[in-house]
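What follows is a short report on a single structure.
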Amino acid sequence: MKVRIGAAAVAVAALAGVALVPAGLSALQGPPPQVCEEPDRAVTLYGVKLSERRYGYGLTPTTASIPGPTLEMIEGECLAVTLVNESDRRMSIHAHGVDYTVASDGTALNSSCVRPGRSRTYVFQSHQAGSRVDGSVRPGSAGYWHYHDHCMGGPHGTAGINSGVFGAFIVRRPGDSLPDRDPFVVFMGPGSRINMKKAPNTPIFRAREGERIEFAVIGHGNQFHTFHLHGHRWADNRTGLLGDLEDPVALIDNRTVGPADSFGFQVIAGEGVGPGAWMYHCHVQGHSDAGMTGLLMVDAPDGGTTEAGRRALMRWKRHEGHV
Amino acid sequence: MKVRIGAAAVAVAALAGVALVPAGLSALQGPPPQVCEEPDRAVTLYGVKLSERRYGYGLTPTTASIPGPTLEMIEGECLAVTLVNESDRRMSIHAHGVDYTVASDGTALNSSCVRPGRSRTYVFQSHQAGSRVDGSVRPGSAGYWHYHDHCMGGPHGTAGINSGVFGAFIVRRPGDSLPDRDPFVVFMGPGSRINMKKAPNTPIFRAREGERIEFAVIGHGNQFHTFHLHGHRWADNRTGLLGDLEDPVALIDNRTVGPADSFGFQVIAGEGVGPGAWMYHCHVQGHSDAGMTGLLMVDAPDGGTTEAGRRALMRWKRHEGHV
Amino acid sequence: MKVRIGAAAVAVAALAGVALVPAGLSALQGPPPQVCEEPDRAVTLYGVKLSERRYGYGLTPTTASIPGPTLEMIEGECLAVTLVNESDRRMSIHAHGVDYTVASDGTALNSSCVRPGRSRTYVFQSHQAGSRVDGSVRPGSAGYWHYHDHCMGGPHGTAGINSGVFGAFIVRRPGDSLPDRDPFVVFMGPGSRINMKKAPNTPIFRAREGERIEFAVIGHGNQFHTFHLHGHRWADNRTGLLGDLEDPVALIDNRTVGPADSFGFQVIAGEGVGPGAWMYHCHVQGHSDAGMTGLLMVDAPDGGTTEAGRRALMRWKRHEGHV
């Protein structure tokens, strides 16, 4: 399990002292158990008020960010995430894709919110695909998922989501190819924003031509968006990669992203198209015009920026005057 | 072919006296034929006015409901559905997914609406996948489909759809696994409603841990929604199930549902996550806050409700104050 | 490579005199190269002002249309498209799906717009799937793509898109089955329009029962739509066709289409359902009621129109009174 924040991979302390209710406890009485008794790893996230209208998760109280740290797991791992709520509002962690009992649902319905000044440990298990007794296949947990508040301001965490309290959660299958750089995380919404920013303050992701790069794209809020990337395409499946030359899946470069939809893909930066400034943007015209656009800067293999790329970067702020 | 309404499977009378135009009739002249001459089964649906603003389909005039009865077929069957319009407005049945000639299109364009006090028999055929003469594959009919009015209030049945005149239509491939309970049917919209209700009056689906359960999710109206289920995930394909351990399809727990989009899936209730109150909801924040949320109550394998589940149920009405 | 406009396939002049920067030029300095040095084919598109609020692409200055000519390629081909801007506004060509360097990005960001009275050659390469050095699969270019202006009225070409400056771009894999008729192109949006028209002025596509027909469906603008076709279904993959009898992909007859989303499929006209007037329409009720609907007229195999089809055609204008 790796926890990443921004461009820096962060070592995670081994688990110590997380109180877990044994899973063997009767399901009918007593508090609900967690999904695993001995998590493989533990991480602490701090819930922080960043400004009057922004909240976020951070690996320390002073490094909270929007989006929060990207969580990564390999199928089979169990992760304990302790939320220390240093903010002034009720918060939680609700995870998509992974296994958790109602004790880690992160909802008021299941009494798993965290009041200001308190903390709570959420336990998330992942598992590999396997065969059930009846012969059917139990799917594995791998996917481009996400986690977010589900408690602030109401039963669905709308105030938390609107404030930036979310992050990507990537679960890999053993043997999945790894990207050469930290995943590029793109939250579309809430509002006509990318990672709560408008161009030209949206992320400029950088890579060298030929590197294997990875996008994780997640929707949030009330709007529907479409994610488009210039010069690159991906397969519409779990990884964005084809399994073989005859794979019948559709190749796409544009995809509808509704609230809490998430997907991801790996591509080779500049493959067949070369280096330069490649836009990614919401293709809802009113949204891109309002600032839902950013850059994938592909430099030359030696790390140098091309002349065309340099000029495009100079144009960028003037090009996208959403300040 | 099974016809289900609510939780009760209903036996369907064998076909008697449905007048069908022979398919061999010249296509160029005379009234259009139906898609099969001798349907395997016949069912009568009554079109009923339920209240000033609600209409519905029912297996009897007094049991009409929203959604209407869930129709089920096995690929290869042919079903005759007679609509007896006991309401005060023009109605029809337009089916998705199955085969029908223009005589059963259920549209004013093809003269297949039913005036108040009249009746009409619609004939729907399903078929298994097979090879065409040119070697290409003709897909089978299996899918999570739906049927709805296409005549009330205009050429597209908007008044009918807005009044609740719709139901699920599930076609299975021979050999498909069957759920242990009647399918859980979730119509998202019209409006920010589930099955025309707002929480806490939306469906609470019940199952025991370990049971194979099935959701059919269908959109209608003007809005786009996303369907999210807590604690459970499914494959983004025809059945929600993986064919084998290496299947490259994406696993999802959230999906965009546009008007008339439909999909379904089977999961094992509580698999790997245990019993309790698992929310399902639209993840468009304004929609869930307005009441587009419901519960999947997973009890223990012996049928007992867990302490945590019992408490969540007590919280439910207070939790979702949309009355 | 074929270029089609309307129902007529148009022969394309062999390339002559297109100045291309050698791809071997240093990526770090000088103008960016194009994606291929010697395109297999060349076509000229004229950018034309059609009316106060409509612009379009045409193979000649007097035949510009909305949508513009459908471009088609077989994987492996390289196409040079010269845009001669005879309009009074800045225009470009931005292509989806195919390979192009930043020199052919068609954006102001990458200095590839065309001012009124000027011209510019965009170079688009397609490629077959193949294996990368690391053993992973590089997907081929085949898909139902599109091209559109990205310069008129702002950095995202919103004024161009809203004026009709777009066309379909179909790339086929060698061996893909070809349709018996020119592809039926359906642009959903901008606004509640199909190909910038409202019913009854939307396209009436004609085919004979048993013909292999092809739809290419593309979204544009600010709205989300769903595409529904009566009496026909397709697989939710690259081609709409199943690869084999056990293919687990979902069969659909309704699909969400967000801005710049695109997909296509082939079906056999009237297969299993017979001839007649089959509606296609946006299933967002307010959009279909506002005129986002059209007809697939399936005639008998001998080309004769059925009596039912003839009557439906007579009803069509009265049925859809959006003039």
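Just so it is clear, A, B and C label the chains in written order, and each chain counts residues from 1 on its own.
The working rule: a residue touches a chain if its C-beta (ideal position, glycine included) is under 8 Å from a C-beta of that chain, and two chains touch if they have at least 3 such contacts.
The structure presented is a predicted model; accordingly, all values stated were derived computationally and were not measured.
Colleague: How big is the rotation, 0 to 180°, that puts the C-alpha atoms of chain B on those of chain C, in steps of 5?
Modeller: 120
Colleague: Shared interface numbers for chain A and chain C above half of all numbers used, same, or below, different?
Modeller: Different-residue interface.
Colleague: Calculate how many whole Å lie between the centre of chain A and the centre of chain C, each centre taken as the average of the chain's C-alpha atoms.
Modeller: Roughly 33 Å, centre to centre.
Colleague: Of all the residues in chain B, which ones touch at least 2 other chains?
Modeller: 224, 243, 247, 249, 256
Colleague: Under the definition above, what is the set of chain A residues touching chain B in their complex?
Modeller: On the chain A side, the touching residues are 27-33, 35, 94, 96-97, 99-103, 105, 107-111, 125, 127, 129-132, 134, 136-143, 145, 154-156, 158, 161-162, 190, 219-222, 224, 236-239, 243, 247, 249, 256-263.
Colleague: State the interface residues of chain A toward chain C in the complex, per the touch definition above.
Modeller: 177, 209, 224-226, 228, 230-231, 233-235, 241-256, 268, 271-279, 281, 283-289, 293, 300, 304-309, 311-312, 315-316, 319-320
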